[in-house]
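So that we are looking at the same thing, I have put the structure below in structure tokens.
In this document, chain identifiers A, B, C and D correspond to the written order of the chains, with residue numbering beginning at 1 in each.
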Amino acid sequence: MDGAVNAAAWAFDALLVLTLLWLAWRVLMGPDLFKSIVFFIAFGLVMALAWVRLRAPDVALAEAAIGAGLTGALFLAALSRLAAGERIANAKRPVENSDTGKSTRPHRGVRMVFIAMSALFFGGLAAALLSLPAEAPGLTIQVAENLSTSGVSNPVTAVLLNFRGYDTLLEMGVLFLAVVAAWSLTPAPKEPVSPPGIVLASFVRVLSPMLLLAAGYLLWAGTHAPGGAFQAGSVLAAAAVLLLLSGKDMKANWPEWPLRVVLGLGLGVFIAIGLVMMLIGHRFLEYPLDYAGDLILLIEVAATLSIGVTLAALFLGGRPQRDERK
Amino acid sequence: MTAFYLGLASFLLLNLAAGMWRILRGPSEADRMLAAQLFGTTAVAILLLLAEAMGQPALRDVSLVFALLAAVTVVAFVRRAWRPATEEHSNDA
Amino acid sequence: MMLSQMITIVLLLAGAAFFLAGTLGLLRFPDVYTRLHALTKADNVGLGLVAAGLAIQAETWAAMGKMALIWLLVLLASATGAHLVARGALRRGIPPWTAR
Amino acid sequence: MNAAMLYALTGAGLFALGLYALAVQAHLLRKIIAFNVMGSGAFLVLGALAHRAPDQVADPVPHAMVITGIVVAVSATAFALVLMLRVQSETGQPHLPEQPSD
């Protein structure tokens, strides 16, 4: 019986891995951009299954929320903006610039060099990986030993928000910088927003509260089970993207300054709590055991809101413009 | 039972891989999107089977997230990326 | 083998058959509308049967309820998606296939 | 050879494929996608190495790093897409110019 389970597991893993590699090849080398994007969406789905097989349900959740929802929407929106830009460019210069990039692939010799380099790279990486011991506990034991001092019982959340809090703090910084940079580059492109049909409108009306609920659930579950601020924030962002796509006008409904406050909230709360801890005699980002759980939850709530709003703001493709019709 | 669940999950994965032919062939962009939508549902079913086979009930939350977000890409496609039939994508390299 | 296990096996196999039918339909049917028809069978019935089969084995009521919720959410998403795609295709003038 | 190694090698393969595409594809959107595939490959290597821990419990530290990485990757991708559209609106083309013009 055990042998049958093993064989079935191997069959599943082998199939999964082959599918992933084949999909990646189609994503990267297919001739049509739209096709590549659809393959990339499928690639994200299969990646989430790979995370499940690697017993990383926290990562699978993050990959599911981002890969299934956000990345696809981001790329599809970018593709339509590219097409719109192409139309404008063609209208400006009707004849001289009809080149759509067909001649831009390097010729054969150069490609051969790059194939050889990539193969060499793969060989080196594979040799390094195969030389590693087949079993290694890593930091599993240390995390398990110190879990009781972290304030939460999900080891991944403990690592993210307590043991390696710096990583997460800097990550919030990266998110903040990304949105600042995107907003300084360009105003959000004006896109024709047709009113949603009755089916889409009622679908969004039913689904968006459920998405909010699910984000809250994932945030709450993160302290003791797979979940947490990143997964919750991504679900929140997906809800916002769905609203934007269905024609809800976020800028009109939401004045500028609260939006900016929420964008900086995660980073701000994280740093503020760290500084307060220093004031009362601890180290930066060190949480006293008695209220470590509460502090982590507070940071996570702020981080969830910020991540959700930041990713949705990035989906806009630039800083929101004031409605000048009024 | 575990072997049965895993075998069934492999079968569904094989189904998913076969469905990729539709993304390759098209012919219209909607056809390709449809295949992606079927993949989403298949992935939900695979996740439910794996949750049972691997004894990890937390995996049901992953399929819950998939189910919640199943429509986002289709809505993005219909509302943004789907152009009128007359226009063709430039077959860029 | 217990009765509940046998019921689970039957339901799961039936669900898998619907997924197979959905995929075959996606590959073999002639136009976007008929493919949509095939695909929603996998979404609705296929996933429903798989979820029902696994719900029998569920250890708690909450797990059972979660699976029902997942199925309902997929139903909602697939129905909306099918509507949007079919309407979009009609508006873009993709002609429905007719047998000659 | 065990399952962890299988996934680790797949990750390395994805990284190499992405690297090749990043080098030969001129279209910026394709470069961004290639970068994402490379990222997925790197994440998969990390996750596979975490899977080597005994007793069916994976090492949580790489998992936390990968979650951080996924969110950073999506925000960087969104920023890169904005940058790409800006390049297109400046030069009329979604790829970098062959020769730097002054």
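Note that in this section a contact is a pair of C-beta atoms (placed from the backbone, for glycine too) under 8 Å apart; a residue touches a chain by one contact, two chains touch by 3 or more.
Just so we're clear, the structure is a prediction, and the values are computed from it rather than from any experiment.
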Chain pair with the higher count of C-beta pairs in contact (B-C, A-B): A-B
Looking at CA centres, what chain is most distant from chain D? C
Suppose each chain is reduced to the average of its Cα coordinates; what separation in Å results between chain A and chain B? 18
Starting from the mean Cα coordinates of chain B and chain C, work out the distance between those two points in Å. 12
CA centre of chain A versus CA centre of chain C: separation in Å? 28
Whole-Å distance, C-alpha centre of chain C to that of chain D, is 32
Can you list the residues of chain C that touch 2 or more other chains? 73, 76-77, 80, 84
Residues of chain D that touch two or more other chains sit at 25-27
Multi-chain contact residues (two or more partners), chain B: 16, 33, 35, 64, 68, 70-71, 75, 92-93
So in the complex, the part of chain C that touches chain A is made up of which residues? 73, 76-77, 80, 83-84, 87
Where on chain A is chain B touching in the complex? 1, 4-5, 7-9, 11-12, 15-16, 19, 22-23, 26, 31-35, 38-39, 41-42, 45-46, 48-49, 52-53, 55, 57, 60-61, 64-65, 68-70, 72-73, 76-77, 79-80, 83, 86, 100-105, 191, 200, 203, 207, 210-211, 214, 218, 221, 225-227, 231, 235, 238, 241-242, 245-247
Flag every residue of chain C that touches chain B in the complex, lowest number first. 5, 8-9, 12-13, 15-16, 19-20, 22-23, 26-27, 32, 35-36, 39, 42-43, 46-47, 50-51, 54, 57, 59, 63, 66-67, 69-71, 73-74, 76-78, 80-81, 84-85, 88-89, 92-94
Touch list for chain A against partner chain C, complex: 197, 199-200, 203, 206-207, 210
Within their complex, state which residues of chain A touch chain D. 9-10, 13-14, 17, 20-21, 24-25, 27-29, 33, 36-37, 40, 43, 47, 50-51, 53-56, 58-59, 62-63, 66, 70-71, 74-75, 78-79, 81-82, 85-86, 88-89, 92-93, 97, 99, 101, 104-106, 110-111, 114-115, 117-119, 121-122, 125-126, 129-130, 132-140, 143, 155-156, 158-160, 163-164, 167-168, 171, 174-175, 178-179, 181-182, 185-186, 189, 228, 230-231, 233-234, 307, 310-311, 314-315, 317-318
